[in-house]
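Quick one: this structure, given as structure tokens, is what I'll be asking you about.
Chain naming follows the written order as A, B, C and D, and within any one chain the residues start at number 1.
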Amino acid sequence: MAGFDLPRRLAAEALGTSLLVATVVGSGIMARSLTPDRALALLCNTLPTGAILVVLITILGPVSGAHFNPAVSMAMALSRRLPASDCAWYALAQFSGGVAGTVGAHLMFGLAPLALSTHDRTGPALWLSEGIATFGLLAVILAGLRFERSAIPWLVGLYITAAYWFTASTSFANPAVAAARSLTDSFSGISPASLPGFIAAELAGAGIALALTTWLLQPHVQPLTVEARP
Amino acid sequence: MAGFDLPRRLAAEALGTSLLVATVVGSGIMARSLTPDRALALLCNTLPTGAILVVLITILGPVSGAHFNPAVSMAMALSRRLPASDCAWYALAQFSGGVAGTVGAHLMFGLAPLALSTHDRTGPALWLSEGIATFGLLAVILAGLRFERSAIPWLVGLYITAAYWFTASTSFANPAVAAARSLTDSFSGISPASLPGFIAAELAGAGIALALTTWLLQPHVQPLTVEARP
Amino acid sequence: MAGFDLPRRLAAEALGTSLLVATVVGSGIMARSLTPDRALALLCNTLPTGAILVVLITILGPVSGAHFNPAVSMAMALSRRLPASDCAWYALAQFSGGVAGTVGAHLMFGLAPLALSTHDRTGPALWLSEGIATFGLLAVILAGLRFERSAIPWLVGLYITAAYWFTASTSFANPAVAAARSLTDSFSGISPASLPGFIAAELAGAGIALALTTWLLQPHVQPLTVEARP
Amino acid sequence: MAGFDLPRRLAAEALGTSLLVATVVGSGIMARSLTPDRALALLCNTLPTGAILVVLITILGPVSGAHFNPAVSMAMALSRRLPASDCAWYALAQFSGGVAGTVGAHLMFGLAPLALSTHDRTGPALWLSEGIATFGLLAVILAGLRFERSAIPWLVGLYITAAYWFTASTSFANPAVAAARSLTDSFSGISPASLPGFIAAELAGAGIALALTTWLLQPHVQPLTVEARP
């Protein structure tokens, strides 16, 4: 983040989150309006989301780190990759950008700016899904930072492409995006009442990923053996 | 563009735009002839378009810059990356190439060379869509030039893949391609009467992207602090 | 594998195999629940599997080699790329991780943890399919190791994407994944009785790939010609 | 091709062409057996073909150049990138490998080894399609060799993904693959009587691409101006 001041970094987080949410919500509306087949609609929701993630992380990563996700910013702060004092600002930019993204998608499709979702998504199976989805997302990001930083945009885009399908929740894995999706009564919406369960599961998954990768990705230092001494 | 003279660069712009338009129009005709499902048809229009963009920008970028789009050429001229005197020639090559692409697609599918589209695409929601689509495209290109030039072919291909779905207009984002698409009465067409609104929105989006990225992508220079002085 | 001790490498193999199997099984359940079209369901099973392979091999390859597959570990041991004493441990981690992946997918979708598959997959055509599928997978990995190690995650992901469709068996190509898939009575399951035939064919295909690539990828050393002597 | 003798190079050409044809034919059979929707079937034929091309060109390119296509080998010979004396051997390996690929696909799907196609594909629109498809393929390869050799596997895979849809012929663009596809009476077949028209169009397209790129990709050498002289 060398060289970019906080206003620019927050603008990048807000812009990126808004385009991400606009893609999730907009492609859901588009897909659902064109086909009765729900698998096809989900596929046409998945591919644009995966694609835009690769793009947004590549172009905004050098400015702000391209988190677009409070769970990611918290993990970065906990692992001392983001100043703790910036974390709340990042989250504010992400939640605000997310709402702007929903409004933008609605206006592009001629809908009212905001509408509360009536789509309940709750219960242990979905919470487990969100926990695993966010665990995986954070593990991918943290391992990417450790081994192959330049691959992170592709890794995140491909991971989310897979997680849309291997979790029962379609893998929100992002508290800011989840909140923004509570404001659309369309294909990708989630009812406000379902938000707390999702967000708690996401944060739990992120924490577990941080703990596990801290152990797993630390190379083992061989102790000096007795034989090696003179 | 070192080393390639204007005729070769214009040939590259015309050839690239013609293959891009042939892909948009041709894949639309093919898809619509094979399925009644409009989401599937749009998907089979999206994937070839995204794929050919990666290819064309990679192979023709070293010759002409691979704009294939008057909005891009104008932004390049305004940011002094293209000599202003070349801009009109580029646009001419792009509009001509676009028409050739429509003719080529029609002949490959056994249709009359040209047919005016009867597909009206108009109204504030679609204009907003085109403005956002072109804003995003230019932001991607300008940030790519700033941070990761070699990734631009993939970034543009993936961005358009997403923008087909997250905008209500399926993201033309290109005045030359829009004009060429007014000459096909098939899946991807746009009625000539709808062109001015689309093109105006595209140019507005491009201008906003140029202004925003000029601010956003400029690293903040830290002023010398008092403490730093001797 | 320098720097990572056996427990971490086995954890990486188990984690990777579990996420791979969770993706195969979970996306199969999701897809089948959303569409009656079996080609669309298979496509929505294919794309997540290919995507997660790119991700998992990239992030866990530096830890354990990212085999996730006993046939791969055996070929690595036979070609002296993996200590023979580690091979059984790797296979144990892979089989265990695979079962965990099936359980995880079932719990995410609200199903009982395990259920024996009733989907028979047997006969010479399917065995030939599995043999060719695994031959191709090993040839891709061994040639990738020889020529372009950093491309292996993409090569494997793309190869499996293709092999889902060009083989009649949808290309399991992995004894641990096959065993884990015998424990789900859903889209991607295989009946336990069909396992021995699949696994035997997979090991045969892997062996043939090892033999062929040993010859094919060895550059020919030109003998000194008579003329070259003084 | 330094270091690999002719037998290994021919084996690589035969193996690569056989896996390419097995993918085209096999995925066509699989797709058509699973869905009545012809666009979906073509999509499930397209994606595996594009994916396997990236893989095969990456892993076999270092051995033989990974032509898998007599039109490519001829262009390479004409541009002195392949010894003329090897060209006929390459073509023989490609045609033989192609037939083996059809046989392999048929056996994997439990069909008779060979069956003449009854699918007529003829007429000026399809010939134009094949000419343009092969023109584009050769232009992509020749420009790739000129500017970005390491990107060629991706460029070819993505180009063919697009060309399946923007041409009316689904872009065979390869005489050896076309011949092999005359031996399958399935989704991807072509009747033997339609072969000569396809192959002639392919060779014409390749020739035009060779001529055009020879001009287009040659940087202009600025003549010394009068003013520059002393």
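Everything that follows uses one rule, which is that a residue touches a chain if its C-beta (ideal position, glycine included) is under 8 Å from a C-beta of that chain, and two chains touch if they have at least 3 such contacts.
Since the structure is predicted, the reported quantities are computational estimates derived from the model, not experimental observations.
Asker: Quick one: which chains contact chain B and chain C both?
Answerer: Chains touching both chain B and chain C: A, D.
Asker: In degrees and to the nearest 5, what turn takes the CA positions of chain B onto those of chain D?
Answerer: 90
Asker: Same or different for chain A and chain B, where same means more than half of the interface numbers show up on both copies?
Answerer: Different residues, largely: of all residue numbers at this interface, under half are found in both copies.
Asker: Report the chain whose CA-based centre is farthest from the CA-based centre of chain A.
Answerer: D
Asker: Please work out the Cα centroid separation of chain C and chain D, and write it as a whole number of Å.
Answerer: Distance between chain centres, rounded to whole Å: 28 Å.
Asker: Give the residues of chain D that touch two or more other chains, as numbers and ranges in rising order.
Answerer: Correct list: 37, 40, 43.
Asker: Is the chain-to-chain touch network here best called a line, a ring, a star, complete, or other?
Answerer: Its topology is that of a ring.
Asker: Between which chains is there touch?
Answerer: Applying the touch criterion to every chain pair yields A-B, A-C, B-D, C-D.
Asker: Looking at the complex, which residues from chain A come into contact with chain C?
Answerer: 37-40, 42-43, 46, 50, 123, 125, 128-129, 132, 136, 139-140, 143-144, 147-148, 151, 154-155, 158-159, 161-169, 215-217, 219-220
Asker: If you look only at chain C, which of its residues touch chain A in the complex?
Answerer: 2-5, 8, 11-12, 15, 19, 22-23, 25-27, 30-31, 34-35, 37, 40-41, 43-45, 47-49, 51-52, 54-55, 58-60, 62-63, 104-105, 107-110, 157
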